[in-house]
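This is the structure, below, for whatever I ask next.
Chains: A, B and C, in written order; residue numbering restarts at 1 for each.
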Amino acid sequence: MVPSACWNCVLRPRAAATRALLPPSSSAPRVASAPFHSSAAQYAQPAKKKANTQTMMKHRQSMSIRRKKKKPVDRVRPPPVGERKALKKRIVLSNPNALEIEGMADLSAETMSNPSLRGTIMGLPVDKLDQLRAVEAFKPKQSWSLFRRPSTVFRRSTYEMGRLIDQITGDVEGAQQGKVVKKIVTGPKGSGKTVHLLQAMTMAFIKKWVVITVPDARELVSGDTAYSPIEGTNPTQYVQPNATSTLLSRVVKANQDVLAGLRISQQHPALKGLKPGSTLADLAKLGLQDAAVAWPVFQALWTELNATKAAPGVKDEFQPRPPMLVTLDGLAHWMGESVYRAADYTTIHSHDLVFVNHFLSLLTQGQTLGNGGLVLYATSTSNSPSNYSLEVGLDQLAARQEGVKPSSPEYPQPESYSDADPRVMDLFQASMSKDGLLELQTLSGLTRDETRSYVTYFARSGLLREVVNDQLVGEKWSLSGGGVIGELEKVLRRPQLSRPQVATATA
Amino acid sequence: MPPRFNLCTAQKVISAFRQPPLASPRKLAIHPRFRAAQSTTPLQKRWNSSRNDAEDLPERPKGPSEDPLPDVSEEAAEIDRIMNKEKRCDGQPASPELEQGTPVSEILSRDKEAMKHMPKVMQDQVKKNGGSRSFSTSARSRLPDVQETNAAREDPSIAMVASMIGQATEQAPGLEAERHSGLKFDYPVSPANTKTLNFRKRYDTLQEQFTKMIMEDGKLSRAQKVMASILDQLRTSPAPQVNARRRLLGAPPAPQLPLDPVLYLTLIVDSVAPLFRIRQQKGLTGGGTAVQIPHPLTLRQRRRSAIKWIIDASDKRRDTHVAQRIANELLAVAEGRSGVWERRDQQHKLGIAGRANLGLAPRRR
Amino acid sequence: MVFILGVNFPERNLLKKSLENFFGIGNNTSSRLLARFHIHPTCRVSELANKQVLDLTAALSDMRIENDLRREVLNDIKRLKETGTYRGRRHALGLPVRGQRTRTQIKTPVKLNRMERKL
């Protein structure tokens, strides 16, 4: 007899019933697994008993005592976005509590190359402070906030630079007029490299030069601003629109007066929005509004500033362009791979960024600035990657200045297997190939006289309460590693303790 | 018999003759600021330092009752004078007025009747007419003196050593002039105590104490950075608007304060430092109730509690950085706005109230 | 707020971290993605141009992430169980799969390896 329902139909509800009765255990998949293992069934046996399962599960569970975490104390809510950074970057240039110093000379066109003022403290001109702020000449870690008004030591190197700037401008007779002087400024930590740049900028502003600065080289290669490849370049070059835009804004803010007085003298077919006869300030402002065209705008501005005569099609009369000061702080960052990555995930070399490449090309031989000027690139010691190739390059530069021939065995060469960066070595090679136009300037400590005036400056500002005599000056000079000014400042600002001093009995 | 030298006796004589020859020029060489600091902060003096020998060694030790503690009203007046001088100016006496009381002798001189009944002691005094008293209020032990004189009488070597030293000190100025005659620079004076010469300290005592109390998780250099930032903020913030009721103790004029941040900090801390702590002692009166007993603090302890109060109060502030919080609290203390002042006053009130319990406390060595 | 592959990201977030929210994208994959579209590593979500958002979404939709990846992993485990392998059994028993000791330190497999594995 054939049953009316098929076997399947009869069996299904049963199976479903048994499944429902059984606790959801591990048996079901094990039945499904391959039957030629007996071990699975064996293991399964004890697991079927309910009590056992419980104990086993307990045994397997993590046995650690759950301690209740202490609730963090209700601290005040976090500060608004950007406040901490603003606090970190804040620059205070004046301390109203410090005493005013009578009769302090200001840096001006007359004093900046006055040899008799060497070793004195000179105030920065008050009307130039806004411009100096605009080019980010002051750094937050420098202690401008100690004194009534910002001022610097007019040291030997400052005086020499003042004279050089005078000569390039043409105010003083010399062969340097309209020349380009290129220098790399180095020195130990705290020796005043950045302040040297600051002094250069002040003098350039006084002389009505155009000042273009890169206050922190690191920002360009640390992967913090947008980048995009330039089509049709090989190897691919990359442009950084936002960084260029901020550079333009610095240039416009700081050199507003000079740029507003100069008119366009070249053809710029790439820039559609540019009207004929507009000033250079208007040209630069194009790049501020739209970061996408910032780089072409900067290139246009650069050609304008370096032009020596008008292009054929321009009607306006050509106004002579002023000399230019280009400064950079933290050169070592530009001498290696950047953090940026190419599309195939290989790192991009810093020299492939057009921004970086443009400024580094100023170091190479030849009249890189059309109307003359000064190129000052400083290394940094407070924030710098260790860079072997740069070290070798600077050594070569120094040897070159001392008159060592590149063919001689004393000439420093990168050690074999040292992985020196060939592009960096090539750069130094190119910049030195013709009678050493690139110079190396090494800053070191202050002399005793300069130290004395610096210590007196502290005393007269009311920050140092001791009699300034030879003994004190000598002590501070040696404590600061031979007058390294950054260390000197640290030593002087620290409150002086009463030492077990040797009595100075006057006979 | 030739007089024999006895080392012990020599020492005694020297102690009598000891006069620091260096003391005066050294003192002159110290800057006024540190002179002030020395007087306000005796803890900073070093042991074995001979600088203040003259002050440290009075001519004779004082007996216990020779320099007795002032009585209650005098002490209260003294505390009040130290803490808030200005109250006197308002004409609101906050303490027993000492000057306004009439001396007994004045009453007696007016009142013949009272003179007859006055105490025996006073009668004696009147009879003697200002002569020496027949009794002594000093319980000084005269034993050492007696010993010394006896020794001097007995041992001729002492007298000899004394005269030798006397000669030497007489010659000294001449010698010094002779030494200085051919020298281009000052004659180098060897520091009095070479033992402590190698105690090099980078920071002021209070600054160091404050720094270590800021420190968390043993991160000293971080605390030092915070301290440097605090000092910078003290230096650059505008001079405090001094509250007349809560002024800093012994401070120079307010505009001068920011120029010397460490002195500023010291003054702030010292001004709110409590004089004592309150000890809760159980079982003195029976019944298990705690009795509050004031317990005097040393300078370092006083500062510690003041610093702790300041840091606690600064934790409630809403500034981002620790340094900013603490600096703002310090400025608030300097201007008398801070709650730390109330805390100190509260402590003092408790202490003055608990002074009655001092007799209950067991004597401690 | 910016939509990337149907997920809404706050503007202030770092783009790299936001990408890592997707199941199957870690440090390496996200930085490679950024490099592919020339986006700098510290880029915020708000700084993205429209085209870059579209590019990213297109690239992400081509990748095996989120549920596809989960399904794949679960299927792999399931296959191991079904073929009755040792690894499959270890997965089912809540024990370490790759030969680690079981005397101590097996919190993670105890927590994760289940009969009904979830991801």
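The rule is simple: contacts are C-beta pairs under 8 Å (C-beta built on N, C-alpha and C of every residue); 3 or more make two chains touch, one makes a residue touch a chain.
Bear in mind that the values here come from a model prediction, so they are computed numbers and not experimental data.
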Task: By the contact definition above, name the pair with the higher C-beta contact count: A-B or A-C.
output: A-B
Message: If I average the Cα coordinates per chain and compare with the overall Cα mean, which chain comes out closest?
response: A
Message: Report the inter-centroid distance (CA atoms only) between subunit B and subunit C in whole Å.
response: 71
Distance between the centres, which are taken as Cα means, of subunit B and subunit A, whole angstrom: 54
Message: Using Cα averages as centroids, what's the distance between subunit A and subunit C in whole Å?
response: 36
Message: Where in subunit B do residues touch two or more of the other chains?
response: none
Of all residues in subunit A, those that touch subunit C in their complex: 26, 29-30, 32-34, 37, 40, 60-62, 81, 223-229, 238, 339-345
- request: State the interface residues of subunit A toward subunit B in the complex, per the touch definition above.
  value: 76, 79, 83-84, 87, 92, 95-99, 145-146, 462-463, 465-466, 494-495, 497-498, 500-507
Query: Which residues, counting only subunit B, touch subunit A once they are in their complex?
result: 22, 25-26, 29-31, 33-34, 37, 177, 180, 183, 186-189, 191, 196-197, 199, 201-204, 207, 231-232, 235-239, 255, 258-262, 318, 320-321
Task: Enumerate the contact residues on subunit C facing subunit A in the complex.
output: 12, 31-32, 34-43, 47, 81-84, 88-89, 92-94, 107, 110-111, 115
